[in-house]
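Multiple structures follow.
Note that chain A is present in both complexes that follow, paired respectively with chain B and with chain C.
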Partner chain A sequence: MERESEGSDVKACVLIIEGTNCEQETKRALDLVGISAEIVHLKQFSGRLRKRDIWDYHAIVIPGGFSAGDYVRAGAIFSSYLRTTLGREIESYIEEGRVVLGICNGFQVLVESGLLPGFNPGKPEAALSVNTRAKFECREVTLLHSSEKGRCSIDILIEKDELIRMPIAHMEGRFLAPREVLEELVSNDQVIFKYSDLQGEVKSEYPWNPNGSELNIAGICNPEGNVIGLMPHPERAVLEFQSQEWTRGGGRRDGFKLFYSLKHYLNEV
Partner chain B sequence: MLIEIRVDLKEEIEDPQGKVVEKALRNLGFPVKSVRFSKLIKIELDVKDEKEAIETGKQMCKVLLANPVIEKYTVKVIP
Partner chain C sequence: MFSEVLDGVFKISVRGRDKEELLEISKVMNLGLDIEEMTRIRDYFSEIGRDPYDVELYGLAQAWSEHCSYKSSKRFLRKYLLSIGEVFLREDSGLREFDSEYYYVAAMESHNHPSAVEPYGGAATGVGGIIRDVLCMGAEPIALVDVLFFGPLDEPRNSYLHAMVVKGISDYGNRVGIPTVSGSVKFHESYSDYCLVNVGCIGLVEKSNVVRSRFGSPGDVILLVGGRTGADGIMGVSFASKELSEEREKERSAVQIGDPITKEPLIHAILEVRKLISGMKDLGGGGLAVAIGEMSYSAGLGAEVHLDKVHLRQKLRPWEIWISESQERMLLSVPRENLEKVRESLDFWEIEYSEIGSVTGERKVRAYYMGEKVFEIDTDFFVGALERSRPYVIEEREEKDMGVELGDIREDLLRILASPNVSSQEKVIRQYDYDVKGNTVIKPLQGRIESPGPGDASVIKAPHSWRGIALTSDVNPYYMELNPYWGAASAAEESVRNLISVNSRPDSLLDCLNFGNPEKKERMGEFVSSLKGLRLVAMEFGTPFISGNVSFYNETKRGGVVPTPAVIGIGIVEDVRKCVTMDLKSTKSYLILIGETKREMGGSQYYILKKKKYGMVPRVNPRETKRKAETILKMMNSGLILSCHDLSEGGLGVSLCEMALAGGIGFEVKIPNSYREDYVLFSESNGRWIIEVEKKNLDVVLDKISGIDHYLIGRTKKGEKLSFISDSLDLEIDLEEVEMAWRGNLKEVM
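Presenting the complex of A and B:
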């Protein structure tokens, strides 16, 4: 595979703990667009062994998986370790404008830690609860890019109302939040992706909305746009043959656009 | 000292697991109206008195064991 990352000075850290399982493909996707990615265990930020510093990376990506076996609630244990290991440091990292992206389980971690929606870091203001049909949903979905182009660090190459196809794979993806939090999300244009039908119409019923999310929310960002959480997996849509259309002569690679946007963003800042 | 923490989904939050079990039980012929799941966590604590035990339990719920958006909790001391 051709990589652009040779000699790239844009660096990302793919942050894992035990039970994370999408780190390899996430690293691949980042490398593919020219972001030099390194898989780092959270321990490496505190211990002496292979010690790392978060300030050496322009972005932190928390990949999908089942961190700590999804015990207590999906992402809850990871988020508590994040607090004890990085605590205030991750908050200043975000205040400085560096990027934190959570995919699937990573989104759950960011919501549990209160970094998303990000109105009041340190306290969860939303939840990613069990899908209404109590099933693990694993398939490609259509997403409507509902925010403005360039609202956050991963959509600067995606037009408003553009349709994106990406796979989902989760059991706990139902975005729930109190009414006032939802209203604020909408008024700040923080809802980046919504589940929609094939034509881009936002329909709240199954199967278009796979998990029963409020407002069909599939991905959001913080008010500043540098912390992003997505339930769908862009790293599973960066090459044509990952698409379900591949064998029928088609094949989109919409996830690539998200990572490529991130690369552009990181090059600019 | 032993405490028992019970974490429930708030009434207004749907419980998909409960719904599935409700259907299965009804299918088996039981006169079931509704089913809801909750979590029961038993924790042995190294604290002096009951007041401290309850306080510690509540703190645990706040920082990890419950998400206040969808869950509520009760803490009690087991004699």
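Presenting the complex of A and C:
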């Protein structure tokens, strides 16, 4: 594929461990918007083989998959490796204003690590639990962009209340949190995307809310807006030919907008 | 008869034994070898002047099992399937050209016996095995296809098998990150208490990266890479080469356990080292023994291996190490000068491996345990020698159609839409991650988001270009039951038709041949008839069978399964941006039926509904179908076709309903008058499609199809009404009712 824009020296690291499996398309999507992406295994930040340094990257993207098999809780093992490998460094990275984006399993990792909602980094305050139907669910969903435009690093090109379509594919995507955490998320405008019906009405029933998430939450950011977690897969929505209805004249590439926003953001900071 | 010569190694005296004694040895050691085979072994060892070790007998039993050797089927496969078209390479997978830089790599395999006993693990390891078959050619796997067969779900055992098999495929495929993009689930009473699990995998490989399934050169180091060897799957292939009895259902230790998370880094590591190695093979049926034997045989070389060097999960006897079928293992041959680099990659990905020996120039396979030789057999005797000539009889099929009484057509249509073989499989499909890797441009469920319909084929875009690969699968057990020849031909033809429907050019086929006991001559006859039927279509379309597998002995205490030659069709899409889906697109377009509707009701869903097991199974006219197919592809490439759907189970009635519900658009059609309206509406004649054409293009299209059978049957229209009209029929159904029936809520409609 041709790159959409050239001349950027913005670098991102697509961070994986065993069982991560969306790294290639995530790298491809980042490359497409002009962010130069490298797939890096977490152990390269600590081990002797193929050593890397997180400070060489402007953003870390944790892609989807089943890290370490997700045999404990989704994202739990990755999150614990992240702690033992990078320790406080990841928090400094975030405090410096660099971006961490978690997609699907990556979102689960960020929640398990307490980096999201991020009220008290290091302390988990929410969970992405098993879908209410207790089944893996693969489908294209409609999302309402519920926060202000530019609330976080991936929505600076997206209007408030704009409708976005992207696919989901997960077994554990049901966002749960205590009432006070939910309230704080809302009052801080940290809920970026909500599952909605095709017209943008936020409905709690299946399939519009595909997993039973509280408040229909599909994606959130931390209070500062530089750590973001999404259950849907923007990297699977960067070409119009990836969308469900493209043969009906309804081709969209909403995931592209998110990554393009990220590039704008990284160019500015 | 048995004497221990080393710790855990026995010598068995076979020389001078008579038939009864030889059979007794086969029986007590559970070798699954018959008298002819045991005699050959006796004679071989008599000639070389010693008795065999148990390691040797077990190794031979694996290599000579039906599963590994294709001893009953290979002469027929050669004659009917392997002599069609050109194939670049046919090893663990088949390879054909994708474009100037790439080959596509494809393989298909059954995992029936293990899945019938342990459905979750059996299905999961079936997926794992087929991925390795593609991977070991140096290819990156890009898609999975699964073709499943169960007994009716109102029986608890069948329902359990169905749920667990789907879960096994979903858990494994989703975890390993390869999209399951296509497949089918079929129901027939002969699969009761049993199931057929057939899986296919497709990959892409740069031409310069192809790795052969054979050893490189004498002196190359042999590495066993991946999961540890354990006691699981021991004698899995002998197990798969017998009928399943209740006794055998207890043989769960013959089923391997899969681990997708060992596999995932293994894929990274293998793709990294592929340029550094001289050969690679997946360890499948028969374990190390068969992999070493086959890699030696294909290269015309030999090997020396040390069984004590294999990394183990638990203590095993030498013969167990030799034939264990533990999952997630690959055998590599590595030129010595590249060994360090290969080690670096394997270490980085934390893949366990052991250097177990080296390739030799002499055509002999030797294995040692603690320095003692425990296996030494000529490569050519070990693998490749065995071929059996099974007697067969092809039974005449009575196909008299006694007809059915005309009933309430509206009710019949709704019941067929709701029947197991026609109704929506959305609940299964959504459990598979068909989108991972981001290349699935035509998905298994097509049309509007809120109510998609069943696509004929899915399309995967190549990451490096706009070209794509279309995938579909087919076989109709009800046709097979009545007429294996025309049933098999129908399976191949429907695969081809499905590929056409999305605008792809049929390029090759994969076959998974699930049959009963080949020692019964009627079963063998069904096998031969089916191969002839498949050949009829493949020859005309020039689509070689590039890979496949034969699974015999699919019999339970209830009897054999119907002959089931499952076919996967692979098509090449020139430009994925020109693909066509089956959902109606416009409320102002015309509907044209391509192809002739005949009274071919044998095995049709209509006759199944009426509980009639007679009548003529649909015939195939591949030459005519090819002519129609070429015309349709030309029109698609000129942008003249809005939607296209193949006609199969449930015929014209069902296909039109599916197009309407996927598009959310109504229609009014006048059905041809050639036969009574129910026959026309529900006949399953082959060689037919429905196409949707915009008004402005109608004249051009009619001109282009003037030389082929076609009927302008009606128009789409705004609103939610579907009307079928003929001289004697005036039927109007609500789209919502059709949707509800198809989605499994028949009661609410009736």
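Here, the second predicted complex is superposed on the first by the 265 of 269 C-alpha atoms of A that agree within 3 Å, B and C clash if a C-alpha of one lies under 4 Å from a C-alpha of the other, contacts with A are read in each partner's own complex, and residues count from 1 in each chain.
The criterion applied here is as follows: a residue touches a chain if its C-beta (ideal position, glycine included) is under 8 Å from a C-beta of that chain, and two chains touch if they have at least 3 such contacts.
Every value quoted in this text rests on a predicted model; they were computed, and no experiment measured them.
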(Q) So in the superposed three-chain picture, is A:68 touching just chain B, just chain C, both, or none of them (first/second/both/neither)? (A) second
Q.
I'd like to know which partner A:254 touches here: chain B for first, chain C for second, both or neither.
A. neither
Q: Would you check which partner chain A:137 touches, where first means chain B only, second means chain C only, and both and neither mean what they say?
A: second
(Q) After the superposition on A, what does A:125 contact: first (chain B), second (chain C), both or neither? (A) first
Q | chain B versus chain C, judged by how many residues of chain A each one touches | A | C
Q: Check whether A:169 is in contact with chain B, with chain C, with both or with neither, and answer first, second, both or neither.
A: second
Q. Who does A:28 touch here: chain B (first), chain C (second), both, or neither?
A. second
Q: Kindly classify A:112 by the partners it touches after superposition: chain B alone (first), chain C alone (second), both, or neither?
A: first
**Q.** First, second, both or neither for A:76, with chain B first and chain C second
**A.** first
Q. Which parts of chain A are in contact with chain B and also with chain C?
A. none
Q: In the complex, go through chain A and note every residue touching chain C.
A: 18-22, 24-25, 28-29, 41, 49-50, 64-66, 68-71, 135-140, 142, 165, 167, 169, 171, 198, 233, 235-236, 238, 241-242, 244-249
(Q) Which stretch or stretches of chain A touch chain B in the complex? (A) 72-73, 76-77, 80, 83, 112, 123-127, 129-134, 176-178, 212
Q) Across the complex, what residues on chain C touch chain A? A) 170, 174-177, 259-261, 264-265, 344, 347-348, 350, 429-443, 446-450, 452, 461, 463, 576-577, 579-581, 583, 585, 663
Q) Within the complex, which stretch of chain B touches chain A? A) 13-17, 19-20, 63-65, 67-70
